[in-house]
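To keep things clear, I will list the structure first and then write my remarks on it.
A, B, C and D label the chains in the order they appear, each numbered from 1.
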Amino acid sequence: MDSDPDKWFYDRVSQNLIQLHSIEDVLHSGRTKFQSVEIIRTGSYGLCLVLDGRIQSSEIDEFVYHEALVQPAMIVHPYPERVFIAGGGEGATLREVLSHKTVTRAVMIDIDDEVVALCQRFMPDFSRGSFSDKRTELYHLDARDYLAKCREQFDIMIIDLPEPMEEGPAYLLYTREFYELVRDKLGDDGIICVQSGSASFNELLNFAAVYNTLKSVFPIVCPYQVDVPSFGGPWGFCFASSKLNPVAISPAEVDKRISDRALDGLKLYDGLTHQNMFSLPKHMRSRLNDMTRLITDKEPLYIYHS
Amino acid sequence: MDSDPDKWFYDRVSQNLIQLHSIEDVLHSGRTKFQSVEIIRTGSYGLCLVLDGRIQSSEIDEFVYHEALVQPAMIVHPYPERVFIAGGGEGATLREVLSHKTVTRAVMIDIDDEVVALCQRFMPDFSRGSFSDKRTELYHLDARDYLAKCREQFDIMIIDLPEPMEEGPAYLLYTREFYELVRDKLGDDGIICVQSGSASFNELLNFAAVYNTLKSVFPIVCPYQVDVPSFGGPWGFCFASSKLNPVAISPAEVDKRISDRALDGLKLYDGLTHQNMFSLPKHMRSRLNDMTRLITDKEPLYIYHS
Amino acid sequence: MDSDPDKWFYDRVSQNLIQLHSIEDVLHSGRTKFQSVEIIRTGSYGLCLVLDGRIQSSEIDEFVYHEALVQPAMIVHPYPERVFIAGGGEGATLREVLSHKTVTRAVMIDIDDEVVALCQRFMPDFSRGSFSDKRTELYHLDARDYLAKCREQFDIMIIDLPEPMEEGPAYLLYTREFYELVRDKLGDDGIICVQSGSASFNELLNFAAVYNTLKSVFPIVCPYQVDVPSFGGPWGFCFASSKLNPVAISPAEVDKRISDRALDGLKLYDGLTHQNMFSLPKHMRSRLNDMTRLITDKEPLYIYHS
Amino acid sequence: MDSDPDKWFYDRVSQNLIQLHSIEDVLHSGRTKFQSVEIIRTGSYGLCLVLDGRIQSSEIDEFVYHEALVQPAMIVHPYPERVFIAGGGEGATLREVLSHKTVTRAVMIDIDDEVVALCQRFMPDFSRGSFSDKRTELYHLDARDYLAKCREQFDIMIIDLPEPMEEGPAYLLYTREFYELVRDKLGDDGIICVQSGSASFNELLNFAAVYNTLKSVFPIVCPYQVDVPSFGGPWGFCFASSKLNPVAISPAEVDKRISDRALDGLKLYDGLTHQNMFSLPKHMRSRLNDMTRLITDKEPLYIYHS
């Protein structure tokens, strides 16, 4: 009998919207010191990592999310050598960083060692050996603490964290004070790139707040977006820098750099994709500019999902 | 007590994905000769028109859908006068067409007079008086029959129909034979624009089939997309023409034409939006090109929602 | 196309159980001074009255609920003349009371005049003319206030109220102090009957608390139950009295009284049903006796449904 | 963060009713030669066995179901020695049978050896060692085949099978021809007891059909019911015999036999429970008598759950 799925993952997107994803299998379900962790296989998106009830990445579209998060910064930078990653437990952000041969050192700080271990065990295809690459340094620390004590500079810093939630591990990594710390660790050519939450134009609270907060610290901030089906719609990112502007680079130049650096495994990113991601529709530009909420240590932002 | 919503609209997006939208009110629920019709107010998207169980347009993002469907064709054409619309019961497609003062005649064919009447009664803000504009001719006929008998030519033809479903009213308006009929009614500068279904890269069946079918009839076919939250993700459209190419027009030229034509009410569409919509990400281009299904009268396409 | 229902009523039975009932139509949806009110037609149960998100009675099984609430007390009493009803907005409890020709006076106190008016308008089959019966006196007051001031006695008092919820209108009508007030208004042969919530053995909190609280006031208290499908399972009631014991009456005697009183419209209730309802299974007797929570004005009970 | 459950078991009770049970853990999910099997831990009911998408028994109320299925027949019979069980993979029906010291032989036929093995591994508390009791004979055969070839007689035969579904393993064990075979294996004092599906009065199709079919074969047939929360409401059983009538036995006699046989572990069943279960409410008696569908090999009954 070819019956309907009988196990469903319940994603309360907002008070007025619920998404149910069919579950084929539950590979792991538990709680670490920091958060609840589930690794489930869904009917639509294959293997998914779920932290505190939210899908963090899925087998079928993780390439979209991770290339979008990493590649624009790496390509816009003329020669990225030292890269810092906050979060990114699956190891796929690290994988995208290491695909650049210019990289000599990739420091990844993910506070939750259990999540990293579970991802390596159940989702090895996300990291594809990146954790054993000689250029990788992995620490299980608080990323803000680490940066406060660190005396080095980085070319690229990538913030790949879950949404900020009260009592969650990430909310102090979304504030102006944190971005000021980041700025001090970036050289003139340095770039920070931040995953910034939903880019559905009716749910821009987090995206707009990250954008505005970065603008209070960096002269150049470019929001961009791409559709990630397993997240339920378009997803937002912010690119920020003191000097480098991604919009100034033509599609042809993007394609040339990809070719020069022999990045032959890209599935999402090329010149035209770059142009698409950075040219937001008019109503999104209006809304991002109309929203003025800043995030500070004193007034952090929490995204609730009741 | 501030409790959870207790009435929900169930949208079976696919076998493995269910979306539930909270319902605030049901303004109408019934069945016409052709389809089931509901007009509901949802918590997320306001007033929605639902045909055969699928949201057709919603108060908060209908401007996205209708500007995206109509404006690129109108702007790319140098001087659109005669416009044909198939479907479009809400009257919002008509509204976008009539916003161009060049238009002298707008023929709208929607087979279902009850849907049109219900939309005028319950959703007057969608049409904003367009049905009583002197340039409008509204007929409740089968659009294919009408075109077969019609001896005129049009500058722009817009196909704004629900997805093709078995026994639904629309499936014979998605075939190669229908597009051949359309081509015969278009002058050299003529453009057809077709709403083409989901543009989520894992649900491209309909979008790809419309794209391929149009390519078998027209020399220039450009797929494009925009995010429509109430539809559950990015939505696809196809622009086709014998001579005019939307990708050849720069953002600055788009903005100039908008200004020359004094279109001051646009919320979605401008030069940068045009660039965004027509520059599909790499993986979507690959998939659209890899899928080769054509739609013909003998082998029509049905989109099922069990 | 014979598709699935697309509108559903969401009933959060408990943290771990959700019931979805298909909605065919929403006849009314609003809020009175006291509570939210909806009148919906469901696929399974027909017309339903919903107060604060909970189904109060449904077209297909209201006879089960209302006969079970009213008839045992009326039949066990030798000659019921004066009857008091708290709540019962649909008018169906009143209808059952008035079916006894011995009744000379039926005082119904329902605080919410809007609910009573809506029921008469949209659900006239529930009251079947009872509100215009000469024996009926209907007041829109607080039932506890009314009783405190009232100088009469009643033979039967029926408490037909929604579950107690914080800030809801009913919670002070479930306390020991209220039952003491009731006892003072009942003669020696008087009977109180209270709708007591779910009788599923894993959700007995409310039923057990009402049972225990009544036992602290009356010498004879008999819990009983019947399955009400639209409530999601078996439903509990408590019969309490100073002298009359329903378990002492044989099925044959019940049938004789029904016949003597010419009650020929009963669909649920007869001698064997009486025996069934009052003989609770062993595990339910154990649980009701093991639970000792009392309800007082100082420590009221709230049933939450998040 | 104390968030809502995010994994749910979807039980499509009928076209118009869906139940969602929260899932804490999935212990097993797979498919045997005969059916899909899942062992899940739910928030409301603890460990559950799910076959073909339907909950078969749950940790918190399996005692209700299994005592109700087995004990009335065992107690009504004066001295049960040889017992036959069809189905019952969890081993709990067997456990109830073996609690009677009079039993010398318990033959259990469950076609699906994988289900039996999974239950022993994941749910050992359901069988509590019964599979290694010397009186047990377990065969993985088709129960009808076995009986057709078998030359013995039994005192009690218990049919503990999933609902009949097209292409499911059980539908030919619900027909008149099967009950005729059963009758030939029962002595004069023999009793058959059949789990008969939902006893909600608006979903009596299966219960009524089993009842009517047994009536076409046995002179005494008594339908009875008990509430099983994890099944979503009251559940029906049929007791049939050539000579023995359960309604003729008083509650006191039931209690005496329980005591005489030293059955000290019963949680559901005693004299009053017996009386409750066999005294169906009036409207249920009416409906069961009004429905006349018989089940035969030529016209089997399938219970669908789309």
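One rule holds in what follows: a contact is a pair of C-beta atoms (placed from the backbone, for glycine too) under 8 Å apart; a residue touches a chain by one contact, two chains touch by 3 or more.
Computed from a predicted structure; not experimentally measured.
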Checklist entry - Is it true that over half of the residue numbers where subunit A touches subunit D are used by both copies, so same, or is it different? => result same
Item to check | Same-interface partner of B-C, chosen from the options A-D, A-B or C-D, over half of the pairs matching | outcome: A-D
Checklist entry - When the C-alpha atoms of subunit A and subunit B are each averaged to a single point, how far apart are the two points in Å? => result 33
Checklist entry - What whole-Å value do you get for the distance between subunit A and subunit C if each is reduced to the mean of its CA atoms? => result 55
Next on the checklist: How many angstrom lie between the centres of subunit A and subunit D, each centre taken as the mean Cα position?
Outcome noted: 53
Checklist outcome for this item: Residues in subunit C with touches to at least two other chains are numbered 4-5, 8, 20
Item to check | Chain-to-chain touches, reported pairwise for every pair that qualifies | outcome: A-B, A-D, B-C, C-D
Next on the checklist: Looking at the complex, which residues from subunit A come into contact with subunit D?
Outcome noted: 1, 3-12, 20, 23-26, 29, 36, 38, 40, 50, 52-53, 165-168, 305-306
Checklist outcome for this item: Within the complex, subunit C is touched by subunit D residues 4-5, 8, 14-22, 42-45, 60-61, 63-64, 199-203, 226-227, 229, 232-234, 251, 266-270, 272-273, 275-277, 279-283, 285-286
